[in-house]
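In what comes next, subunit A is part of two complexes: it sits with subunit B in the first one and with subunit C in the second one.
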Partner chain A sequence: MRRILEYGAVVVIALLLNFLLPRALPGGPMKLFGSPEALSRLTEAERAQIAQQYGFGRPLPEQFADYLTGVFTLDLGTSLSDGRPVAEAIGEALPWTLLLVGTSIVITCVLGVALGVLGALRRRRGGGAGLLGTAIVLDSLPAFWLGMLLIVVFGVQLNVLPTYGAGTLAHLVLPVTTLVVTGLGYFFLYTRSSMLTVLTSEPVQHAHARGVPYGRLVRRHALRPALLPVHTIVLMEIGFLAGGSIVIETVFAYPGLGRLTFGAISARDYPLMQGAFLVLTLMVVAMNAIADATYPLLDPRARQ
Partner chain B sequence: MRALGRQGRTGLALLAVITAAAVYGLLLPDSAGTARIGEPYAPPGPGLPLGADDLGRSLLDQLLVGAATSLGLGFLVALVVTALAAVIGGAAAIGPRWLSSLIMRSIDVMLILPELILFILAAAFLGQSFGIRVAILVVLMWPVPARVLRAGMLTAWSRGHLEVARAMGAPRWWLLLRHGSYLIGPLLIPVFVRAAMRAILYDATLSFLGLGDPTAPSWGTTLYWVQVNGVFLSEAWVWWALPPGLAITLSVLALALIGTAVEERLNPALKEVPA
Partner chain C sequence: MKYSAVLVFALVATLAACSGAPAQRPAAQAAKTVTIAISSDEGTLTPFTNESGYPGDNLVKLIFDTLLVQKGESVAPSLATAVETTDNKVFRLPLRTGVTWQDGRPFTAADVVFSVEFYRENLSGDSAIDVRPIRTVKADGDAVTMTLAAPDPEFPLRILSDMAMLPKHLWESVTKVNEAGTDKAIGTGPFRLTAYDKERGYTLTANPGYFGGKPKVDTVKVNVIPQETTQFAALRTGEVSLSVRNVPPQQRASLQSQPNIGIAEGTEFASTMLQFNTTRPPFDRAEVRRALAKAVDVRDLVKTALLGQGTPGNPGFVHPESPVGGPALPPLFDVEAAKRELDALGAKPGPGGVRTLDGKPMSYELLVQSTSTDRLRSAELIRDMLKNVGVEIKVTSLDPDSLDTKVWPDYDVKKGRNYDLTMWGWSAPVMQTSSQIVSLFDSDPEDGNLNIGGFADAGVDKAIDELKATTTPEKRAEAAAALQQKIAEQLPFLTLYYRNGAYAYRKDAYAGWTWQNGLGVLHSGSFVG
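Our next item is the complex of A and B:
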């Protein structure tokens, strides 16, 4: 119940931010309709007409009600750069982003957990230290830069993988690799430290003292409690990867929501920008809700 | 120094080198990195150790000035975030119950919101000056550290000597500061380091998207021009795209190494695991 209220609060905040930020623009919401030069060519009457048409003169609560109606009827306005309905442009781009982010999340989680457990078990051996060092380095790489390097190596020098666009599996390889590699480090570090904490915990130490064989100790006694807190990281990872998609789709000219957003930012196409951000935020919130709802499957204590 | 181990010392050494570069960058004239002093697309040569960009601006100067901007912003954000998180986390730990639950609920809500997306959104609408970027980062970044510090303060608060002192009736915040600060103080270091790390990465990402301050050279902005000009299709990427990316990676890496080392030192339990 509390979680539902929290998600409600999150959606309200996302909507409010999306509504208020354009109105907080230096120069007012009129800037939504074009560059300063273009605006300065407008006559006073034309300005008044735009303000009238979009209701900027009316009280804020009334405008907000209108905005909400628009959101719920999927009427997000029209793009300034090509005159298309924003909802249509987003509808075309969204599946591509879901594909990219979804694939990356699954691979990152599986690989991150596996390597994290391995890193914890091999803590004192060379392999473990190597894993730890690699994870810290990977965690420090800026995603967009890694993407560029991958393009240089696999696209330009070796010429084996497509570096832009989407459509085939090969197109997914480089963007997904970039997202996974930059997202993996944090996941690994967290799983590893969680596993280490559980290995020192009393139940596990007790089982160890009872003479439970090591493999069984790890599988039966340590693994499950160690993976519970990792759940929180999945939530953070979702936000991280969705944010990363803005950057990565730009680097790889991938036709998803991220690139749409970037294009809108560059063109100062505020209605499109606003709509894309709203959908991206809601996408993250929805994914979080799914991850949250599946948590009781992992932890019997959360089932009451 | 020795207490930090090899990892931590490597991190400190790296950070020292980058800080030195940043200080040198601060000493350069204002026009450094923005003035056209060479041929456009000039390869590295005398006077231009890293060549020039599409407008003939020195790439080395951009790198040095960028070091000052990045580290400056990172440390400033980290400082404010740590202070804010300490106050909010402290209030959640020893404040009245309603305040505590209000803070914890807000943190839960903030954690669901995607930071990077909101950061880009806010920067796109509110403007790109240094102060605004710092403010946005602080607003988005305080929740995680506040939660960490609250936990630390609760642990400190339950210590025996604090309980004794509490019985004497001094104000709670005074007790925490006077008798708990030696326990809480060290916790601030990893919080500070992690905040600086994330601030540097986020800010570079923002500049890479073309949302940085266009008048000030920065690592992310240089990489933005790399992307716009398709530099990686030519050999210029070696001196144009590699150095700023490496600079970002090494700065974040230095901080990460220091952070991990301090954490291991604070939590020796991490070292005593049956292998």
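Our next item is the complex of A and C:
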């Protein structure tokens, strides 16, 4: 019950921030209603009329009340830039992002965890050091830079993959590869660190002293506790990546939630920003809640 | 991000240089499909819902026609077959007969009357036209007559060639113009909007019954690709046929070396200037502005920041090839004269070589838009140039919205300004007619709606009044020349340069692009005729 209340408080604070932050940005949605030159000809009364008509000119408490009512009645309002219901815009973009992020997370997780375990087991050998060095390099690669590199190599030079867009499996290859390569280092380093901690812990050392074979020691005694924090990281990453794929979706002109959010921020489209932020907030909170709920299932100690 | 951009550019340039040249294919003068890359969504492509002047308005004008079209520095018939006037105040426009809207309904004089009245009631929208100078509009059989509040010889170019005609039967029910959907994107133009996906783009299909002849391209696909580098990569692979991004000077040689890529280039009337806040000392004094302007070598800016791909600024603002006309005045650059004039103003060198004027060091902040590479480079060069005459400049880079908030809050000059100096630019339409140019200088904020420096000078106001009173093109050109002379003396801003337009396209996909000064290549003339 206490945990539910905590999550509720987080959501309420997030709703408040989602409402206030767009309005704290310089500029405003007026630029959606014409070029600066055209807007400069409008009188104060004409500007006020537009702001009133489209809702962003009303008093802030009134706007906030409308926003809250909308959230609880699942009516996220209408986009100022094209008059489309916000829920419809998000509904169209979200599946693309889930496809991109879901595919990337699965591949990154499997590869990162496998390599992380390998890196920990071979920490004193040349291969382990090589893996560690590679992971640090990958972790520091800017996604934007890598995306452009892949476009130039596989799109322009080899001409084997499309450089932008979505709709076929081929369109997914470059953005997924970018997310996997730039995310791999994080999973690798986390798994390796967790595995090393477990391998040097007292229970595992005792098991080793008792003569438990090394392979069994790793599988039965080390792997499971070592992957517990990784499970949390995976869920957190899903929440964050939905918003964090903005750069990738922009580079590859991929029609997902990240690009929709970027466009909404650039245009100062308040209803669309609020809606997109809300979805991102709920995803992060939901993934945290799932992590909290499933952790005790994986670790009996947490049930006490 | 900046570091990454440099790396990407270096990478692209290196790989491009290493690659073998693909075989050259013949240039296509007609095509089944042309794919155009734009940088962001442009709404539902009606005159009230496009997001930008360029390329949004250009795309809207592929669907919607105007009564006249700009041709060179003049106008040519479109939905109107002629312009009849004796006093440049009453204009009679015979309309083309037999024209239909893309939904099959006939285009009539009632649609023209409706369009004018609709624009009068709905001033917002990127392609919405300010029709307030039109006092009355009347249908007269197959013609319309428009009477202006005052004579305006530039009326055909400024309004008639820019005002997209709206079908009355579809638009009379529209109350919220910003929410007009694709069902309202029905014009008489060469293309019809047949598909729209906000995140991916548009499909425009040729209108076979177009009065100007069947378009040379069957389908125009317009894809949204936000990143410039991705647009050019897709152009190299042939996934897109034209990028609407002006090719950066640094990338031009690399693109031009590709056998299947052509560059359409010409004059654009977009301007870049060093704007003074003339309400803040010492920039409220013309002699200070003049002295500083003489320290800035605009030719060097063109050579260094634009790699030569531009025209040095006319101190009188107007591009030498603009329809406004008037003599191009020579650049003011003269470092020694700048030093002498600053000395004469009593600005003596102080600590660190920085002059002191009226007891204050001549140290100022220069704002610049962080997203514009050539303006950032120019700002740094100006900082160095002004240092040579003992004036310290601190360059501050801001995102476009933060910059606008300081320079032009709410796009309303009546709300004041908060800056010393800023790099600024005006889009091409501002340079098209003298009626628009005066809005940069008029001290009355109602008429000087683009006077972002808060400039006020009685002599300039008088020159503006004289210009507005002219009733013939010849007299107006003379008055415009006189105004430019005054501006060059007063210098509310220093016009630095006009960047050339250069647009990359696939020659093997479609090579029928025709250049129109001020519009570039994305206009109906590239597809028809």
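In the analysis below, the second predicted complex is superposed on the first by the 248 of 304 C-alpha atoms of A that agree within 3 Å, B and C clash if a C-alpha of one lies under 4 Å from a C-alpha of the other, contacts with A are read in each partner's own complex, and residues count from 1 in each chain.
To be clear about the criterion, a contact is a pair of C-beta atoms (placed from the backbone, for glycine too) under 8 Å apart; a residue touches a chain by one contact, two chains touch by 3 or more.
Not measured: the values here are computed from a predicted model.
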Partner chain in contact with A:288 - subunit B first, subunit C second, else both or neither: first
First, second, both or neither for A:144, with subunit B first and subunit C second: both
Subunit B versus subunit C as contact partner of A:46, first or second or both or neither: second
Partner chain(s) touched by A:93 [first = subunit B, second = subunit C, both, neither]: second
Contacts of A:211 with subunit B and subunit C, given as first, second, both or neither: neither
Touched partner set for A:250, first subunit B, second subunit C, both or neither: both
First (subunit B), second (subunit C), both or neither touched by A:300: neither
Partner chain(s) touched by A:61 [first = subunit B, second = subunit C, both, neither]: neither
Intersection of the subunit A residues that touch subunit B with those that touch subunit C: 25-26, 142, 144-145, 148-149, 151-152, 156, 250-251, 262, 266
Subunit A-facing residues of subunit C, complex: 1, 4, 7-8, 11-12, 15-16, 19, 40-41, 43-44, 49, 51-53, 123-126, 128, 130, 176, 178-181, 197-200, 223-227, 229-230, 233-234, 236-237, 239, 399, 401-402, 404-405, 408, 410-413, 426-427, 429-430, 449-450
Contact footprint of subunit B on subunit A as seen in their complex: 6-7, 9-10, 13-14, 17-18, 21-22, 24-26, 120-125, 136-137, 139-145, 148-149, 151-152, 156, 193, 196-197, 199-200, 205, 208, 235-236, 238-240, 242-244, 246-247, 250-251, 261-262, 265-266, 270, 273, 277, 280-281, 284-285, 288
For the subunit B and subunit A complex, residues of the former touching the latter: 105, 108-109, 111-122, 124-127, 197, 201, 204-205, 208-211, 223, 226-227, 232-233, 237, 241, 244-245, 248-250, 252-253, 256-257, 260, 269-270, 272-275
Touching residues (chain side subunit A, partner subunit C) in the complex: 25-28, 30-42, 44, 46-47, 50, 53-54, 78, 80-84, 89, 92-93, 142, 144-145, 148-149, 151-153, 155-157, 159, 162-166, 250-253, 255-256, 259-260, 262-263, 266-268
